[in-house]
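The next block holds one structure in the form of C-alpha cells; read it before the comments.
Labels for the chains are A, B, C and D, by order of writing; each one numbers its residues from 1.
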Amino acid sequence: MSMNSFGHLFRVTTWGESHGPALGATVDGCPPNVPLEPEMLQQWLDKRRPGQNKNTTQRNEPDAVKILSGVFDGMSTGTPIQLMIENTDQRSKDYGEISQTFRPGHADITYFQKYGNRDYRGGGRSSARETAARVAAGGVAREAIKALAPGLEIKGYMTRMGELEIDRSRFDWDAIEQNDFWIPDAGAVQEWEDYLQSLRKAHDSVGAVVEVVARGIPAGIGAPVYGKLDTDLAAAMMSINAVKGVEIGEGMNAARLKGSENADEIFMGKNGPEYSSNHAGGILGGISTGQDVVVRFAVKPTSSILTPRQSIRKDGSAVEVITKGRHDPCVGIRAVPVAEAMMACVILDHLLLHRGQIGENQGHIG
Amino acid sequence: MSMNSFGHLFRVTTWGESHGPALGATVDGCPPNVPLEPEMLQQWLDKRRPGQNKNTTQRNEPDAVKILSGVFDGMSTGTPIQLMIENTDQRSKDYGEISQTFRPGHADITYFQKYGNRDYRGGGRSSARETAARVAAGGVAREAIKALAPGLEIKGYMTRMGELEIDRSRFDWDAIEQNDFWIPDAGAVQEWEDYLQSLRKAHDSVGAVVEVVARGIPAGIGAPVYGKLDTDLAAAMMSINAVKGVEIGEGMNAARLKGSENADEIFMGKNGPEYSSNHAGGILGGISTGQDVVVRFAVKPTSSILTPRQSIRKDGSAVEVITKGRHDPCVGIRAVPVAEAMMACVILDHLLLHRGQIGENQGHIG
Amino acid sequence: MSMNSFGHLFRVTTWGESHGPALGATVDGCPPNVPLEPEMLQQWLDKRRPGQNKNTTQRNEPDAVKILSGVFDGMSTGTPIQLMIENTDQRSKDYGEISQTFRPGHADITYFQKYGNRDYRGGGRSSARETAARVAAGGVAREAIKALAPGLEIKGYMTRMGELEIDRSRFDWDAIEQNDFWIPDAGAVQEWEDYLQSLRKAHDSVGAVVEVVARGIPAGIGAPVYGKLDTDLAAAMMSINAVKGVEIGEGMNAARLKGSENADEIFMGKNGPEYSSNHAGGILGGISTGQDVVVRFAVKPTSSILTPRQSIRKDGSAVEVITKGRHDPCVGIRAVPVAEAMMACVILDHLLLHRGQIGENQGHIG
Amino acid sequence: MSMNSFGHLFRVTTWGESHGPALGATVDGCPPNVPLEPEMLQQWLDKRRPGQNKNTTQRNEPDAVKILSGVFDGMSTGTPIQLMIENTDQRSKDYGEISQTFRPGHADITYFQKYGNRDYRGGGRSSARETAARVAAGGVAREAIKALAPGLEIKGYMTRMGELEIDRSRFDWDAIEQNDFWIPDAGAVQEWEDYLQSLRKAHDSVGAVVEVVARGIPAGIGAPVYGKLDTDLAAAMMSINAVKGVEIGEGMNAARLKGSENADEIFMGKNGPEYSSNHAGGILGGISTGQDVVVRFAVKPTSSILTPRQSIRKDGSAVEVITKGRHDPCVGIRAVPVAEAMMACVILDHLLLHRGQIGENQGHIG
C-alpha cells in the first residue's frame, strides 16, 4: 500500500533515503497562480537543516531544494510540483556492523521485520532527514495559504526540553525566532544552552515538547467526523519521527478538568463570536472556531547516544551498541520547523476543502 | 470532500444523526469467509450503550444492530457490510430554543459556521451517538482479526477520571470487565463511584484518560511514513468525540526522559526479539515490535451540564445556557468500548495491508 | 480493499445484494443546503425499475427509496446521506441447483474463484439490481448540480439495439422520454418493439449502445492526468454491469480519421470560444471545452436466456444451463437511467473539484 | 485535488512537463525484494522513445531513467521509488506565438480555461512526453509481476492505422516485436510503412487502434463493483493522451450480438475451467476468468499537422494554425509501449489487492 502520502486535496508524497542520491517531495494539488521560487522554500530548509549552530548535529549539507516541475515563470501551474534535495554529504564509511545490528529505540529492527530488506545507511528511509522534504512541501503550502487566507500565521516553539519548561508568564511571540531553541523567552536561552551542553558532555540526549500555533484561521474550517481538523493535525504530528504524544488545546490535562472549568464561554464581538478562553485549542467538533489553533507534541530523546545499550544482531547474537557520529542531543529542536510545515500543509488542505465544500452556504452569525 | 470514512483496506464509513430514523456503518473491505452474526456485534454495542448503569445516561435504547448486506449464511462474502441501528427513543420535544442557541464547548457553533444548516436535535451528526456505528464496525473487525491473528486481544480501561488515577501497582487485567468504569482495580471501584455521584450532584462533569492495549500483535505490522501504525491510531482516537490528546507508550512524558532511560534494550528470546521495557508502546518507526501496543487518550469533560454558562444565539444575542436532559457526568466511561473498536479497525486494516505488501519476504531474526 | 466506492469529493458507496433485506448507497460529500426530498430521487428510480413496461422484466418492486440521514427539514446538511431501498419481492424458491452451478457469461464463477463464498440468490452483489442504488445517488447529484451549474442537462438514449440503429438525421431530443426505449425517434419505436418481441419469442437476448450527453457544462471542468473527465466517465460507464466498451466523442471511429478531419476548429463566439464540430466529445486533455460532453457505451446481451448453454458445477461436472425467470431481453434499455446517474455523479464531482481547485484563477479568453 | 496518481496499492504519480528540467514518476507501494536496476526500466523507455525510426518523431533524447530512491543493492526496499528522466533536448526557440495561441484539438485551450496559467512549451504537462514516466513505472510493475505471477505476459500491438487493419487470420504473436508498428503480421509491414509515408507527405496524420493482451493471469483477480479489473483498465487506457475509446473483449461489437452468441460456454479442463470462446475478454463481473485479458483502444490522429486549421488567440482574435516541428504522423505507434505499461501497473495492483483480500479463501472448482 502506498503509505508515503498525506493530505486530501493538497497531497504530499515524500521519497528518498538518508544516504541515497536525493530525496524530495511530490506535491500534487497546489492551486495554480501561486508565486513560487526556490528561495521561498529554501528559507524554511535553512531554518531546519543541521550544522546551523552548536546545538544541532554537525552534518553540513546545503540542503538546496530544486523545483523540477509544476512551476512556470515563477508561478504554480496547478500540475504536480516536484521538489528535489540532493544528498551531497554522504561520507563513505564501512557499514558492515551497522548492516547487521539493530540499534535500540530505532526503526532498524521493525523495518527489517517488515521488509526483510532495508537501506541501513544512516537510518535510510526512517532517518529524520526525510523531514527536509516535508519542510520544502510546507514552504509551498505557506505560499498558497498567503493567497487563500491572508494574515494567517503559523509559528512553532519549544515549551519543554527535559527538565526545563518555559514560563508562560514571560511568553514573548517575537523572541521565538531570535534564538536557537525557538523558545518564546529570550531570558531563558542561556539556561537551555547550558542544560543541552551538559547532556552532550554526559553522552546523553533528552526529549522535548513543541507547540505550534496557527493564528488568523477562519472559523468553519475542518470536517467531521474522520477528517476533522484535529484528527488530521494529530496524524500529521504523530507521523514526525520520534513523536510519542499529541495534544490539542488543553490536551491530556483535559482529563483533570470539570465541565464548568473547561467549556469556553461565547460572547458576541464586533467581528463575530469571541470566547472567554481557549481550552478547545481553536477546534470544536473537528471544525475551527476562529481562535488560535494550538497543537502540542512530545518528541522522545534520540536513541543515538554514546552511552552503551544492549541489543542483538540479525543472527540473534547479543551486541552492545554505542552510536557514534553526528547526532542532536535534542531532536526536538529541529522538529519545530518540521511541525510548522506539517501544520501549513494540513491547514492549506482544509482551506481548499472548505472552498469546494460550501462556498457561500456558510452560516452567518449576528 | 467525503470525510466520514477511515481505513485503507478495511474502510468504514459511518452515517446518521442522533435523532434521525437510523444510523450505521458501511464496512467495505472485510475479507470473505469471516463468521458474522448480529449477536457478535451486539455484545459490543451492549457494552457501550447508555442506560446500562447509573454512571451513564438514562436514555434507554436497545441499539439493536441489523446486518443488511455482505453476509450470507452467517459468513462474510467480501462485499460491503451495511450495519444499521434504528433510533427508537426519539422523545418529541420543542427544539425552538436549541435550534437558535450555541452550547459552549459543543460543535453547535462550528457546524453552523461551516454548513449553515445542521440537524440540531441532540447534537445531530456531532452527537456521541455516532460512536455506536463505530462499535458495530469494530465488532466486524474483531471477528476478522480472529481469523488473521489468533490470540490477538484488545482491551481498554480507564486510568484517570478527574482527580482519581489508577494505582499501577494494583493493575488487574481480569478486573476490567467486572466493573462499570472498566478500571483494572476492583478495590477502587467504590471510590470512583462516589466521586462520580458527587459530580452529578454538583451538576458538573469531569474528564478522563482511557488506555487501550493490543496484546499478541505480530512484529512488522505498520507502514512508514504517513500510514504509520501510531499515526493511524492517533487519528483514530482523536476522531472520537471530546478527545483532546493521544499518547503512544511513554507519550507526553517522553519529553522528560533522557536517551539512556527511554530506549528499550533488545535481547534474543526463545521466539524472537524481546525488550527490557516498553517505552515505545510497541511501535518503532511506525511498525509494530511485537510488544503490547499501548495507546492512551484524554477525554474532556462533557460540556452538557446543569451549571449555567454564557453563550450567544444565531442572531448574536447573549444567552445563558443550561443543558438539561440525559447526559453522562463522565463521557470517558463510554469512550472505552469505542476506543477498543477503533483500535480493532486500525489493527485489522494493517494486518490486511501486511498480507498484501510483503508476504513471505518478511525479515527473519536469529 | 474497499472497492465499492467511486468519486473524489462526491463519494458514493453502494451496498447490498439482489435478494438481501435491502440495498442502498452511502453518499458522502454532498454540499449542504441542497433541497432533497425522497420523491426527487424516486422519479429516477421509477424510470429505471423493472415491471414498467412489457419490454423489461416483470419483477414488480416499488423500489421505494428512504433517506435515513444527512437531510434535515428537506435540505442536505453536508453530512453523509444514506439511501436505502428495501427488497420486497424476494420470491422464495429452491436455490439448490443455482448454488452449485455457474451460468455462462455471468460473474458466478469469478466471484466464487475470488471469494469462495457468494450470495448466489439472483446474482447477489453482481446483480444489475445494484444499479438501483446508483440511480438514487445520481438523483442526489442532479439536485446538487442544479445549484452549482443551473441549466446543465443530462440525457441518455439508445442508439443501437442489436441490428437496429437510430437514424441520426431524424434525431429528436424531445422524443427520448416519450417511449420505452429512450430513443430519439418516435417513428422508430414500433420497429424496435417488434424486434425485441421477436427476440423474446426466440428465447434470446441482444446487446445495445447507449449514448449520454451533458449539455451546458462549463468549460474548464476536469483534471489531468489520471482524474481526467473522460477517464472518470470511462470508469463510471465501464463499472455498469454488462458494459464492454466506452467511447468519448468520435470514439473508436477516431482511429479511421485523419488529423485534418478530426481536429475541431475554434472560433470566437459571443460568449466565448465556439467549435466547428465536436469530434472531441466536449473534452480536450481531460478538461471540458464547454461543448456537449458525449459518452457512448456498449452493453452486451444478457446471458440469462432460455436457450441452453454448456457449463460446469462447483464440483467440475458438466451441466446444461437454461436461465428461467424474469429477465430483460435487452438490459441496455435499463442501462439508460443508470448511465445518466453515473454521469451526474461524475460531473458533480468535477464541479466540486473545480470550485476547490481554482476559483477566480480561471483563465479568461477574449 | 491531486489527480496525477493512479492505482490502489501500487500507486504511481507522474510529474513533469515537456520542456522543464525533468519529468518522472513517484512509485509507492512496490513490494520489497524485487530486483531492480535502471536497465530493466530503460529497455521499455527505449522501445517508446522518439527518434527510433523514421515512423516516429525525430526528437532525439536518450530518455535515460535514474532511480533516486527505494532501491538498495539492486533490490526494492518497499519504500517509494523515484524515477527521474532529465529533459536534455530542449531546443531554445521563440515561444511568443505559441504562448498566445490555442492549437485546435489540443489541450492548450482547456488548460488555460481551467488554470489560467500553463507551461505552453511543447504542450507542457499535456504533452505525450509525460507517458515516458508511465513507461518507467510500468517497468517496475513488470519486475514485481515476475515475482508474484511468474509466466504472466503482457503484449501490445496495433490492429488498425487509419484505413489499414490487421488480418486476424495471419496473426503472429512473435512478429510483433520485429517491426516498427508492433503489428502481428510481418507480411503487412511494407504496406503500413508506405501508407504512413504518404500521410507524412500529405502533411496529415491518422488515428489507430491498439490492442493489449495479458496472458497467464490467474482467475479471481479484480474486485466489484467500482474497482473492477475492466473499470481500472478502461480508466488506465482512457488516461493516455489522445485515446477516445476503450473496449474489453468483444467491445462495442457486443451491442450487435445475441445472448446465444455472446456467452462463452464453460467446460472443465485439466487445470480448471476452460471456455469455448473469449467474448468476455477474460473478465466477468470485473474479475478475471483466467483467459487472456484483452483490452483495445482507439487513438485519435494527432492534431499537430502542417495542414492549416482555424483557431483563436488568448485575446479572442482569429488565427490560422500550422504546427511545425517534430511530430508523429500516427501517435498510436508510440501508444503501444505506454499501454503495456499501464496494463502492467493495473495488473500488479490487482495482484497485490488479491493477496491482501483473500489469500487461502479462494474458491476451488473441481
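Annotations for the structure displayed:
The definition used in the following text is that contacts are C-beta pairs under 8 Å (C-beta built on N, C-alpha and C of every residue); 3 or more make two chains touch, one makes a residue touch a chain.
Everything numeric here is computed off the predicted structure, so don't read it as measured data.
Two chain pairs are in question, A-B and B-D; the one with more C-beta pairs in contact is A-B. When the CA atoms of chain C are superposed on those of chain D, the rotation angle is 180 degrees to the nearest 5. Each chain gets a centre from the mean of its Cα atoms; for chain A and chain B, those two points are 26 Å apart. Our note on geometry: chain B versus chain D, Cα centroid distance of 45 Å, whole angstroms. The set of chain B residues touching two or more other chains comprises 1, 3-5, 9, 14, 29, 32-33, 78-79, 114-117, 125, 224, 353, 356-358, 361. Of all residues in chain D, those touching chain C in their complex are 1, 3-6, 8-9, 14, 102, 104-107, 109-117, 125-126, 130, 160-163, 199, 204-209, 219-228, 230-232, 234-235, 237-239, 241, 244-268, 273, 276, 279-281, 283-290, 298-305, 307, 309-312, 314-318, 332, 353-354, 356-358, 361-366. Chain B meets chain C in the complex at residues 1-5, 7, 9-11, 13-17, 20-24, 26, 28-29, 32-33, 66, 68-70, 72, 75-82, 84, 114-119, 124-125. The touching residues of chain B, when paired with chain D in their complex, are 9, 29, 31-33, 78-79, 224, 352-353, 355-359, 361.
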